[in-house]
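When the chains are written out, they are named A, B, C and D in that same order, and each has its own residue count from 1.
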Amino acid sequence: MNAFRQAGLSLGRLPPGPRGTITDVPGVRVGHRTIVRGSGEGTIRTGVTAILPPGDPYAEMLPAGAFVLHGHGKAVGLWQLLHLGTLETPILLTNTLAVFRCADALITWTLSRHPEARSINPVVLECNDGFLSAIESRPVLEADALAALEEAGEEVREGCVGAGTGMVAFELKSGIGTASRLVDGWTVGALALPNMGRREDLRFLGRALDLSRVPPLRKGEQGSVIIILATDAPLLPEQLSRLCRRGALGLARTGAPASPGSGDFLLAFSTGYRIPREAEKLAGEFIPDRSETMGALYRAAAEATEEAVLSALLAAKTTEGRGGRIVPALPPSLITS
Amino acid sequence: MNAFRQAGLSLGRLPPGPRGTITDVPGVRVGHRTIVRGSGEGTIRTGVTAILPPGDPYAEMLPAGAFVLHGHGKAVGLWQLLHLGTLETPILLTNTLAVFRCADALITWTLSRHPEARSINPVVLECNDGFLSAIESRPVLEADALAALEEAGEEVREGCVGAGTGMVAFELKSGIGTASRLVDGWTVGALALPNMGRREDLRFLGRALDLSRVPPLRKGEQGSVIIILATDAPLLPEQLSRLCRRGALGLARTGAPASPGSGDFLLAFSTGYRIPREAEKLAGEFIPDRSETMGALYRAAAEATEEAVLSALLAAKTTEGRGGRIVPALPPSLITS
Amino acid sequence: MNAFRQAGLSLGRLPPGPRGTITDVPGVRVGHRTIVRGSGEGTIRTGVTAILPPGDPYAEMLPAGAFVLHGHGKAVGLWQLLHLGTLETPILLTNTLAVFRCADALITWTLSRHPEARSINPVVLECNDGFLSAIESRPVLEADALAALEEAGEEVREGCVGAGTGMVAFELKSGIGTASRLVDGWTVGALALPNMGRREDLRFLGRALDLSRVPPLRKGEQGSVIIILATDAPLLPEQLSRLCRRGALGLARTGAPASPGSGDFLLAFSTGYRIPREAEKLAGEFIPDRSETMGALYRAAAEATEEAVLSALLAAKTTEGRGGRIVPALPPSLITS
Amino acid sequence: MNAFRQAGLSLGRLPPGPRGTITDVPGVRVGHRTIVRGSGEGTIRTGVTAILPPGDPYAEMLPAGAFVLHGHGKAVGLWQLLHLGTLETPILLTNTLAVFRCADALITWTLSRHPEARSINPVVLECNDGFLSAIESRPVLEADALAALEEAGEEVREGCVGAGTGMVAFELKSGIGTASRLVDGWTVGALALPNMGRREDLRFLGRALDLSRVPPLRKGEQGSVIIILATDAPLLPEQLSRLCRRGALGLARTGAPASPGSGDFLLAFSTGYRIPREAEKLAGEFIPDRSETMGALYRAAAEATEEAVLSALLAAKTTEGRGGRIVPALPPSLITS
């Protein structure tokens, strides 16, 4: 189970899946490459996280959608994803200045499987870990991205791993968080990379926490957050974009402020059907917008997103980074009180 | 056939349907209510045009999309149409200040068929006929809108009828125009309400026309244009919105400038499948985005739109309106030369 | 002060304005026309609420923006408002089937002040009060809309007045709510019309309330919510649209679910500068996106929206409506506990 | 002058600037890195084109906007550009699989000037030159992107240079094209990278050309086109996005089909004012949307775009590429006839 459930907490009305992670959606895998090295101003606390859809997404694309709450971010691949409604590569998360090397690595990865490919739309999203890591030294290389893809499995490690290594949210150490919900036979999973907010913003299960004993950080408000949603429900691309909007509701409930320098991107894909690259017909059975099921899926996206963000805080450990900066973990005592 | 084909003209690579009108899409009907009366500054040259999809759209909604090239317009109903991808009433076209009475009339019309309805999303679009008509006297009443709906049939009258009665485009008399294309067993139809452009803008089949002998109008550039597309191809809502974007290409080819005061709205619906109001499942066979067929449908939308605009000019007659203003028809001799 | 402050409650980090209402923004006025009559299935519980910007908005337009969280709604006027970034009439709120008569009334209102007007873009938003009111009998007439405009003043009545008369949110009686925030010398005000959510959704200051003693309603999930934001900060239209997105964060924090049938529309206007209709130059001093001030204004919008929704619940009274349906007010004892 | 004017042609109603290129906008520079090598299936015909705004865009950002006609493309940087309305790096154009290396090169370029930068939003757009070039061998390196930036000057070479080296449009050799217009004391410049359309689509100054003697290509319809607009008029970001929409009108008039596999991206920036990175106030004088000037600027964008596309065709030379494929230049005799 995720860190949130391991802490004995619950949230919302819908039950979690068996693992309580995004990989409760059958076939979805997650991998991390964590890069921790150096000292002083050259300290590196960064990495890459890979989310792999099942199957061969280049040959058989998956329906996908997105919602951008605030666009101060460097997301790669969303125009084609939104205009065609398709995902054709794994998704990588990394730091702000490493986005393009990771995108280039997805080209390498895809060409190694599809040498005939002439057009590839990699999807990479990012948060800025420059508070803890010497981001300007550009430590992430193609090999790191390929390692995260290679490592991927059904077990999702949370906290200070992969792209989560250098994350800070609400002036607390953050990282990777994940959660899932079951609804009407379908699963909705979320993976969060929260890097936003001041301490006063935090709403933990609706409550402000007394952080007066935790030393404050002198970090500016310029944070971001990435949410990846996956579901096996056979949703159309526009419906997946709407699912992302409900993820944003869950995000808001944690206190995420969507500040002026924030890149708040939400992306969703469905494993419920495939779009073969050369098809001339596409048949399927879909879920109507006004149905009860759709309302329940929306609710699942909001709940899973809120929980994934909180789970990232619970899983992260106090971390020392560049220039001796120390970012404290959320004191467990504050939660259980 | 439409006025364009009756003039012996052709355009593009795809064949027109048997009528050369939007009603080549099976089940689509068009009706007009023309209001011509008064004299001097009180002269009225206005009306209402109704486009009816087949069946009972409130019980079984049709997939629909839209594209707004420039939004200086008072379109009603497009938010819900775009967010849910559905059309649930007929479409009315009228003048700028009559939009809301026509929308209210669509509520009357729907309630008379569905007394149980509690939420109705009427769709009405408009152009401004204030150059020829005392628009501020608000001559259009609910009965006029209902009459246009009542009158609807498969034969589409073009030119100075219905909402086209007071239209002016390229400083020439305009009105209603229509066209259609056949593609891979499907039909795409267009209905145009062009009310935009200065004479120098006009590109008739790509050519500037020598309008030096036609008296210029002192009308400002503030025009608009509405395009309605219909097809029996089973397109998804997002695909219908993309079809509208190709209608905008056809519009551009006539010289439409999308000037700062222009409301250039394009709306498309499909009769290829229905979305029952209370359905919990929706099955269907769709056309993939990257297919050859989709490219051909896009082409059909561009061609039909361009032709519909030109047909409106060819069908319109020289008209005298408010304050004795005379708007000349396009001299046929300029086309045949 | 608004009902929320009168109850001794507070929320967020920013101080409210002197009235705690949207009219803390200088020159903004609010009026209501409440329609309560009939009995049995014919019971009417509806009305119109008018928000008037200062000055003559048709002659000197105000910058405006919007955000649509979910678009199952019949909002009028938002295309032009979004494409040109301008508001040129007062804003009316009413029930779903009365939107177009209210829009038509705004044409009457504007023509009476500007007989030369030939193009008018009224702005009307709605929620559905059909649970308590015989909405299908269409009780709102032009005179009602004009009365709400006429009545407008600086004091804002909350609860079961105007468009709020028939509102239901979280299975509790809702209505009109309002709030304000002061930030860096500017004021941000919010007016809410909440009509969404099941009882389990409610998060009152982050907490679920124990509503087990309040009888549940058999109302479906199909609700909506409208938020109007006003500020005297000189924001550009796109910035006002972004302000609306932060309003949506506040909305989310109340538990608003953005269900499939919901029309969740947020609109913002600034009184900080004017756009004369015929201007050829526009000079001004604006607030950069990445500034501290902008972050504070965003925060103000989120806080004021959350408070306005809660204030609507606190101000509303238990109401009996069509068919004897009784919608209970939020028991005050649940808040103070 | 550009190739179009050198051929003695003219288009539209507005005069070109002194050079007839995008660099008529003061301070704008363009550079190319052309990569031509190899033979047989390994033939390389590709490159990078750089468009540099005046000044130091990272320190003082420029207002910018964009419009995506069809989004099957890998554009980098447009989310932040659209959400904040700012351009903070030069713009690079290249082939589809080289986008991310070029974006990474812009990080290198910016860090070398601003070592303190922790967040950089590079802007790169692309077309696919895989018909003539072994795109999958990924021949573009960081040094190539930096060379294009280094080489930039006021003289704009057109045709088979830089990103234009491997372009094919309307089954004819294409490349880089450029044009400009003067309007009310302002300049609007366009740079085009056309790679779209079948031969039947081409409308050269409104006319179909008789290409029957030119051997057809077996290239699929999957093309794209990039348009970069620059102006010294002080437009707001949203106005620049609208300017791009008028560029799309010009594009449509060349016959560009916006086919299903097309990435049709238009980007515009203004040199008319700057947005200092740390500013807390922003003062300026702007051009109102409804002004005559704005209409003229829209017209300039449409005319310059159409001319830039045609100029690309006129400047390009017959080219042999991968596997001995020969793409013929537009025969000059077809134009002068």
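Some points to look at:
FYI, a residue touches a chain if its C-beta (ideal position, glycine included) is under 8 Å from a C-beta of that chain, and two chains touch if they have at least 3 such contacts.
What you see is a predicted model, and the numbers here were worked out from it, not measured in a lab.
Chains touching both chain A and chain C: B, D. Averaging C-alpha coordinates per chain and comparing to chain D, the farthest chain turns out to be C.
Centre to centre, using the average C-alpha position, chain B and chain C are separated by 34 Å. Centre to centre, using the average C-alpha position, chain C and chain D are separated by 44 Å.
The multi-chain contact residues of chain B, meaning those touching 2 or more other chains, are 70, 84, 261, 289-291. Partner chain B is touched in their complex by these residues of chain A: 84-86, 236-238, 275-293. Those residues of chain D that touch chain A in the complex are listed here as 68, 70-80, 82-84, 96-97, 99-101, 103-104, 107, 111, 115, 117-122, 128, 130, 135-136, 138, 222, 261, 263, 265. Per the touch definition, chain D reaches chain B in the complex via residues 13, 69-70, 200, 203, 205-208, 221, 242, 245-246, 248-253, 256-261, 289-291, 294-295, 298-299, 302.
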